């Protein structure tokens, strides 16, 4: 079992915090924590400062890392100011420090041979895909990317990221950028056009489920980073579970922080929030 | 700090629950330390008093549907629903790991019927390297319309009697009570009469959060257990009341402990040991932090022996 | 904001407890608004649904010794001990002020015996301008070894029967329950059977803080009542359970409400009115803030009538 | 009854925050709240910011006010970074805002005729005495001051404050400034030397009680600002009570936030924390 062998807890300094569209791009000086991070891993950050009523960490997918630079190792996140915790974080000034645990969780699997990969991101779900794209390109793969969001401001796609992929497709629900509609509406076309072997995705659960439908229909692989609410991020609380089919066919409620966040899309029993799928290991006998 | 560390050598931090002795009184809380493996990534399990395992049941159990958690002011709700692999797999996988790691082990057990508790005790009786059993009676009793054992003095008593009978004097039994009762002292009285060696106080409070956007209960299981600093005053009160009534019965205290000062409140109220639960979610090293801070606070206050501090608020209150 | 205010004119914010009608459902909580005079300095009392007075007793009462409060994570403990001037002075001074201020008045009563409640109801029966009585049964019953009425179904029932008998159908009776019981639904059942028109949920939870410097309980009264956001999940749960069991009995909800979103949770759980207590200590204008925010949230969600939202989580949960 | 007729709740800006010895001298731009404050009044401030676990305001005696200036009306406090709330407050940067309610409570009574006044302050309890000294001097009174604390750093006595009084005596427990010992040890001498008519005091309850003993012995008036833990500061919670004898001789548990903080020292039943004095209005019949 993967037990976050390389995870560290440390106080890290914010060395940059910039608004980009609806998000904040934040850079942290994290020392050698940066050495061990792989695309798909996440970090968990304490929010609210001393005396805060917020007792749980917040998880953020790692956007990218640099081993060395002006600040030693750095780690970057793309954070949406959403509720109290993320608003607190994105409001922090330069040089403020936060308590960070990472890198945590599973990472995207990289094929040993060059492939045609389609990377699909929803909202800030694009963040981990750029580092992944780089790795795939380094391995000789073709990388096409499609990013979707409700509106243009919620597409996170920095210029260098756009340049690094073979093609970039944008969809927005309101049509304020790219094609009007949801990412799934353009997937079938892209899969055919680019002869896609594998889909990598990150975004809201409903989007991942829809992508899996297409992956199943077209018979291609799908690795996705899921996002269940996490209380601990380190595997000790059992709040973050999704029903996952293991190699033997057994469905278990599996922790998305340790057995994920990156999972094989075909192994996840989708749309099961609010229920325990029949036949799950230990499910109540009805 | 310097000073405290120097004086540490003269400070006796050990505690005991009947014949089980622990080098220090800071434990994990049941259900808040995974299988032990996950925390071992952050510190050696030998550093803490004991690992209290998540409550194990006879059979494997999927637990409740998601969402399973909601953050609340200074606390959280959980509705894990006792997900676990069942006693067989637990004995085959989790216990060997903890034994190898050199951890002192307190196994928490939970059942749906009085018989379940008996079976679990039977399976655990001969297992080497266990320090004690924690008997979690905050579970619905399927034989009594799902009423939680801990809310019913008779049912609580029956569970403890069975476990006591099966174990003989082999392992100390620590019975974990729910604060969601009209009179916790009377429940304590029943389980002590039935043979409990110690009590664990408190389990979570029953709570609910409604998602104002979906306009329905946020948790898959609708209600959940409230834990974290929010409930600490309830834990202090329960421990104080029970220690007052039964000063000789050791108490394992828990409920919102995130620092040495928090733990000190429980110790002064009457806790011989302190479990750290929810705080570990916010800080993987919370158990160690509490251990170090509590020692320093006790030393600062002139205690040379942890046990002298247990229940101190009762003695100083009447001066 | 603009939008909400414009739409407000079409929004029916009124609520009722039996025959008592209130222009909006946001009230003060008993014991958290002084005599009304103090808050009237910050806003006109006519702005809010009703003023719930501090619980008044037959005789004057000094209350508990100081210290009477301790801040806790997202909450506080208080041990005021029902300090008050007694019913005579209350009728002579406090009521006339509230009447003159045009406030809708709910008088909270508390007693040490069943007779006390009867006497209080008799004194209040004919008083003009009262909207309802809130019967606080979280008081020690001196005739039964100090056991709190609200923890004993029989005693709770007796109190409500007496008050009902004295009042006839004159004033709605809202009975305030304690969450510190094993089964709040069964207590609710008793008081409804005895003639309660509505229920107030929840009173404070029994808690304790130990001062780690003096090493003894911090409050003069040792234990105190825990209130504030920390207890909100317990309030939501209690209201949800009781509304589920008795959907036709109006509930006045309270427990940690400091904003419109907090109040909305209680309303969706089943509260026909919401009292704001501890939040007023942190913000003198909290009651108004809750009132305005709740209206906006309801309007945003498409409700045109406050009453449609009451208990909505029950209806949406089974879709 | 005084019901804080002039109290306002408003968001105020920090325009200065300087460490002075063990304290922070903080200046807030408060608009016309400054107009109505009298020596002895206090303000109540929300602490911890949004998402804080601290639900109660903190009370601070008003050090002084100015009606107009660069920032309009200003109000000044002397704050000891003690626990979580005051540490949060004193750590705030310039231009940060806080929610303040004030002015609250009773103020020191000013004699209509010139008198010989002795002002006694313990720790930050000196804060309200400087404004009081000014008022008394304006009315032609003689003003002597004695300030005590555990050590020199905890004496708050700005230069202009020292200059404004006829004499200034300092005591410290450890002798690091002024006379070694507690303020009460020098009182009898000062009362005699300056032919004192009235004592005004502010500081810890034990000090006020000791001063009252001397005032009783010497038969002089004593007005003191008490400091009981306050949950609301505005008279609605009944946590802040002290047993106070009214004109008719009746002892009532009276709110120090509304019937105080300034009280007639002879009317307070001292040393009654933890008990209800016998004969108090509504006391349990034993």
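By written order: A, B, C and D. Residues from 1 in each chain.
Throughout what follows, a residue touches a chain if its C-beta (ideal position, glycine included) is under 8 Å from a C-beta of that chain, and two chains touch if they have at least 3 such contacts.
Please read these numbers as outputs of a predicted model, since none were measured by experiment.
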| item | value |
| --- | --- |
| Per Cα centroids, the chain farthest from chain C | A |
| Length of the line joining the C-alpha centres of chain A and chain C, rounded to whole Å | 46 |
| Mean-CA-position distance for chain B and chain A (Å) | 35 |
| Whole-Å separation of chain centres (CA-atom averages), chain B against chain C | 34 |
| Two or more partner chains touched - positions in chain C | 73-75, 228-229 |
| Junction residues of chain A - those touching two or more other chains | 53-54 |
| Overall pattern in which the protein chains touch one another (line/ring/star/complete/other) | complete |
| Residues of chain B that touch chain A when the two form their complex | 31-34, 37-42, 54, 59-69, 71, 73-76, 78, 80, 83-86, 220, 228-229, 258, 278-285 |
| Complex contact set, residues of chain C against chain B | 70, 72-75, 77, 151, 180-183, 205-210, 212, 214-217, 222-224, 226, 228-234, 236-237, 240, 256, 261, 264-265, 268-269, 297, 301, 312-313, 316-317 |
| Residues of chain A that touch chain C when the two form their complex | 53 |
| Contact footprint of chain A on chain C as seen in their complex | 73-74, 229 |
| Interfacial residue positions of chain D with respect to chain A in the complex | 48, 50-54, 84-85, 88 |
